[in-house]
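Structures are listed in the sections that come next.
Two complexes are shown next, each including subunit A; its partner changes from subunit B in the first to subunit C in the second.
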Partner chain A sequence: MVGVSSSAARTLWLRLKAPSRLLVVRVAIMLALAALALATPSFLSAPSLTTLLTTISFVGCLAIAMTFVTIGGNVMSFALGATAAVSAMVFVVVLNTAGYASGVAAALVAGAVITGLQGCLIGFLRANPIIVSIAASVLIYGVAQRVTSNETVHVSETLIQSLLKGKLFGAPIEFIVFLGLTAFGQAVLSFTTFGRNLFYIGSGFRAAEAVGLPTVRTTILAYVWAGLFAGVTGVLLASRYNQANMEFALRYDYDAIAAVLVGGIAIQGGSGSMLRTFAGVAAVSTIQIVLLLHGFREEWRLFITGLIVLAVVVLYSKRQRQ
Partner chain B sequence: MSNHGHGGKPGPTALASDTSARERAGAIPVPMLARLLSPEFRPFLIFIVALGGLTLVDGGEGRILSSVTAFSTLQYFSTFGLVALGLGLTMVIGEFDLSVSGVFGLGGCVAVLYGNESIWLGIACALGVGIAFGMAQGFIVTRFGIGSVPVTLGGLLTANGLAYVVTQNRTVSFDNIDLALLLNESIATFFSIRSLVAIAFFVISIFVFFSTRIGRDLTATGSNRRAALVSGVGVGRIIVCSFAFSATMSALGGALLSFSLASASPAGLADVLVPAIIASILGGISLAGGMGNPLGLAAGVVTLSLLRSGLNALAAPPYANDVASALILFAVAIADAPYLLRRFTAATAWLHRN
Partner chain C sequence: MLEVEHLAKSFGPIKALRDVSLSLAAGHVRAVCGENGAGKSTLMRLLMGVSRPDAGSIKLDGKSVSIGNPQEAQRLGIALVAQELSLAPDLSILDNIWLGNRTVPLFHRRKEFRRRAAAALALLGVDFGLDTRVSRLTMGQRQIVEIARLLVREARVLILDEPTATLSDVEIERMMAVLRTLRAQGKGILYVTHRLSEVFKICDSVTVLRNGADVGSATIDQIDRERLIALMLGRSFSDMYPAVVATGTADQGLEITDLEVSGHVQAFSLFAPRGRITCIAGQVGAGASAVTRAIAGLVPGATGTVVLDGRPLPLGSLGQRVRRNVTFISEDRATEGIFDRNVLENLVASRVQDHARCGLISWLSLRRFANRLCGEVAIDAQRLGAQAFDLSGGNQQKLLFARALGGQTPGVILINEPTRGVDVGARAEIYRLLREFCERGYVLLMTSSDLEEVVGISDVVVTLYRGKIVSTYQHSRIDMAHILADITHPIGAKAA
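Our next item is the complex of A and B:
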């Protein structure tokens, strides 16, 4: 009986086309993770879930920003965390003097300009994106050290009450923003000319250039989008903690990169979606929280995340070779 | 340039580049100057410029051309040199080892943890971890044909996590203070045991690179992998060995630094990736691979170290180093950018038209 059913399953499996096979694997992994999470006592208790949702929202927004860079064929950015921290500081400073709306606007502009300038170097000159982003992050930390002398800026007392930090439908506001950004980012990728061009350019720069796609403009725009999303991350961070400093987003860079890789966004560019990044963020965060709740200490988190990233990288390459 | 001498019909572009080549040749009449500007010599030229610049800023107060600055330059050399040597050689073969900073920290933590029993056991453990880690990464890169950036990104996270795990997220201290002092004690004014170790590894690497076929094979693997494979270079072996070498050097560098600081923490040693990249690039190693050698790399590390110790000696504010590093990286990214010449030509043409 077992033999019959397994051979039937095997036939069915072989009849599936490669993409749907992958879908089956993905759904199975997500279900397994969900089951693991639900089987963990105290996972669904409110404090743990709220903390989880808030933390993954910060990493998630940054991962959405990162996805624009990766899909466009520019691997990763190591400067988005620093950009988010700068945006957070700009937000707090402007908020204290000119109000909430100006604060958000200034933070978004700061993020877009910082990242957009890197996009100019990468899009116009085709400079190496990894080196440019590392240089940018070093420069941001250097200049910030000069400007802020390593100090923390605080939101003034009278404004704290009015900040967005409540709950909506039982979920923290950060998570709602993250969901919104995922949907928005996906819409930008799916329904705009920019999004379509980004996929073409990411999958083959020379070909895209040969058929006359606006490679420079699209690459710069991808970085501007990434900067805007990093700016939103900064606003969320500052609103949650009522303060901002350059240490804020120090570890989010690597978490975001891990999420993008685990989500299965091809590192060579040209494929992927915001939904996959969302799945990657969810998977990485769920595993981390389950580990924590099962009594693994905090230090195992990074190690196991690293192993998962390596495993996913290897698995995806295997699929591509087939 | 490679089109010349093919004997084919010269198209309009070939003609244009011909005239511009002649013009350029006219601008540089002396072969000596051409040799000075050649890629092999560039690292030394940059070093001379950096030394001259710092001396000028110093304004004759003797802060740069002093034995103290020379000693501290060599101390920086020993901190960054081994990592840069490993990373640089992976860049020569056209790969990129992002994991060096993770392995550097891991090596330091492992060395201190086991070094309290015996220093040799500590070093052996660090080297063992380095070799195993590097070989695993190299194996994944060759066996599965994946780019080295995602693999070593995973490696970086894993090594960093492993450092947190083995130290249980705390700073571990090294009890042998005498040894820590001995490692940094000055020998013959300029050197210390630590810097002599780094120099020794550079000398060995330079010797091996130039006098065995390994150097040629590395360059061939980096400049044209397919051609290298066809002409009988063991490309897979070269890649695995390069990653193993890179991780081993990083782990050793981390071990030596942690011994000399008499402590190690998983978070504290992470900041070597950026200096190592800068040193490699200053050392004449191209991001595209197939260029550079350990001799130029040594000059690159010396330049980077001189900038650090020089800025310290001139009492420059702490952010000056970050800003200088960032500007160097930007300059190299722009100078190495594949479309720089094209955009420049287009811009000059546009200016001529208007």
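Our next item is the complex of A and C:
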């Protein structure tokens, strides 16, 4: 065992001694962002930090969900935001009638079922995952509109104090949850057979079939995990705003995709980690908050986020070609 | 006409070509022989301007030329018929012949171009309708269209990269006739092949490459078959294959009955005993690989019964396959073998769940396991952290073999073309590994289209022609002439 750990240590040392250009670029970008943030007046003030951390958390939980899809070789899902919104509404409705624990459970089940069904289509039939997710998203909006008549559901007054809010160790509770989910997601990837199989399938689907790995089951499970994390996002959103509606989903979806890309999760699947996604979420959110603090308006936020995603994709394809 | 002097090219640390010189006169056919990885493709790439040489020069008619890109090669009259043809199947022959030609004006005079295309085809002794769609032609006919396309571009040096690899015998004969015509027309031809009989049939001289170096050039009357093989392999034929160790009678093994794969294999029955190498020999497309794929459960519509040691092995049951240690090693390592992960993860891919409790894996146990596998197939354990795709073809193949060692009991190895893309040195090592697995009591069922390999390594050979078994040869009765006859035009076999 000494041999193995020393070789692992040697690899790490080599990486630090002669860092790849990519690593240098990444660290440089992170430092630049940190400097930019610190140079922004009022960034370090308590209210804006709290806003930053809360936003990070919503986007972050969704990005963690997205990472399961991406690593498994299914690119991205465009339905996770809508799933989170549905989960939020399910949570509020069940909470009002059956209490907090049932509400959370129902939200998680709703998320897992919605994405799990998509996972079945993709796993059993090898349906194109992007198209499936777009179709699912439209379906979800359609059904939700029919059921809720476009209305917002509110948490009843008597139950509001039961919601998870406020701060723990000075950070908003959402952020603590996000940190926990990142660690949990990473553990699932690193230490479960499902997690390892997900990497195999993402990095070589046909090789995985040839080896005899359970490709269908793993793909479906990846979507179920994504749905569970989307469900958590829904619970957090509803808890923060004491209400839920389909509008919730609109921006987090895209921001989560941006975060996964910026974090450097390989688009074709098979590599990445929750820690990288975390870094991506931090980077994207910091840029957005700094823009807001400098007085840029919403359209600028969208514009810049779009540009970032394009830039990452272009850089990525360039590297792939080499 | 063409002179290549002291050409060298490296890719990273690998010297793909070192100090290779050759000359080609007009009306001359020179064979370029060598195993996979010998440097043949690199030489072609340099001549076509796809890569630039690190050293050395290319001269055309005594003038030194620098070929920067394929367009320049076209301008100089150097043309390549690649293994993968570059024809557009949905266009007509005429359109294909002129496609991408730099001299065709936007509003061209159709008549003139028709005439010249027809002339090129006539020169090659064929009579295809110019308006026929290329998708309706056979592979051999397509190759001739490709050559016609090069002729209208006034190519003087033609490089043919294994043109007969996918052709039937009749088509091979026609290709030979075309080559003779081209030679009579004063074209210079570089004929890349490892089919030795063609070298002696059509070529005037031969250059043998091995590990990137020119190990011998000769005119064809100065060399014989044995000498040519020895040059290519770098050793005599008999050193390549390990001696067979008698492993007793084997009544246990893999029994296949009435395997059917629609469009590929019909009524295939075979018993592959433990401790033996059973080889299904056939040409590319004869259906041999469909047999192993079907047993591995990778062909959805396959039917038939497979029994291992008296217990059924249902086709397509992945769980059974992994539990009973049935390993499939594809000929296409890049997409069906190696994961784009590191060596360690690649080694343990099929056995992660054996090192997990309640779904939670132990990396310590996995590492120990991977270390053991490395030792058994002679992969340097220092490379466990390296990306698997950075390994050489031979090491990648050893890695895939190592996966078969993970099970509790000796199992089955289904392997297609075991030495494709593996260099000569590693080849002998792969053969040694195959024997070792035999001695451990594995069933080895391999497919191969490389006849020397079939004869050299197999204990039992089953010949396959268009999806049907022609005959079976036991160890002492395996001989190349019979097998060759079986897989090319078996007597009494009906064309399916």
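Please note the rule applied: the second predicted complex is superposed on the first by the 296 of 322 C-alpha atoms of A that agree within 3 Å, B and C clash if a C-alpha of one lies under 4 Å from a C-alpha of the other, contacts with A are read in each partner's own complex, and residues count from 1 in each chain.
Criterion: contacts are C-beta pairs under 8 Å (C-beta built on N, C-alpha and C of every residue); 3 or more make two chains touch, one makes a residue touch a chain.
All of these numbers come straight from a predicted model, not from anything done at the bench.
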Inset, instruction - In the overlay, answer first, second, both or neither for which of subunit B and subunit C A:A135 touches. - result: first
Inset, instruction - Please indicate which partner A:V309 is in contact with in the superposed arrangement: first for subunit B, second for subunit C, both, or neither. - result: first
Inset, instruction - Examine A:W300 and indicate which partner it touches, taking first as subunit B and second as subunit C; both and neither are also allowed. - result: first
Legend entry - Which of subunit B and subunit C A:I257 touches, first, second, both or neither: first
Inset, instruction - Decide which partner touches more residues of subunit A, taking subunit B and subunit C as the two options. - result: B
Legend entry - Doubly contacted subunit A residues - partners subunit C and subunit B: none
Inset, instruction - Could you please specify the touching residues of subunit C with respect to subunit A in the complex? - result: 296-298, 318, 321-322, 328, 330, 335-341, 345, 349-350, 352-353, 356, 359-361, 363-364, 367-368, 371, 381-382, 384-385, 403
Legend entry - subunit A to subunit C touching residues, read off their complex: 1, 3-4, 7-8, 11, 191-194, 196-197, 199-200, 203-204, 206-214, 270-271
Legend entry - In the complex, subunit B residues that touch subunit A: 96, 140, 144-147, 149-151, 153-162, 164-165, 167-169, 266, 273-274, 277, 281, 287, 317-323, 325-327, 329-330, 332-334, 336-340, 343
Inset, instruction - Spell out the part of subunit A that touches subunit B in their complex, as residue ranges. - result: 75-76, 121, 124-128, 130-132, 134-136, 138-139, 141-143, 145-146, 254, 257-258, 261, 267-268, 297-307, 309-310, 313-314, 317-318, 321
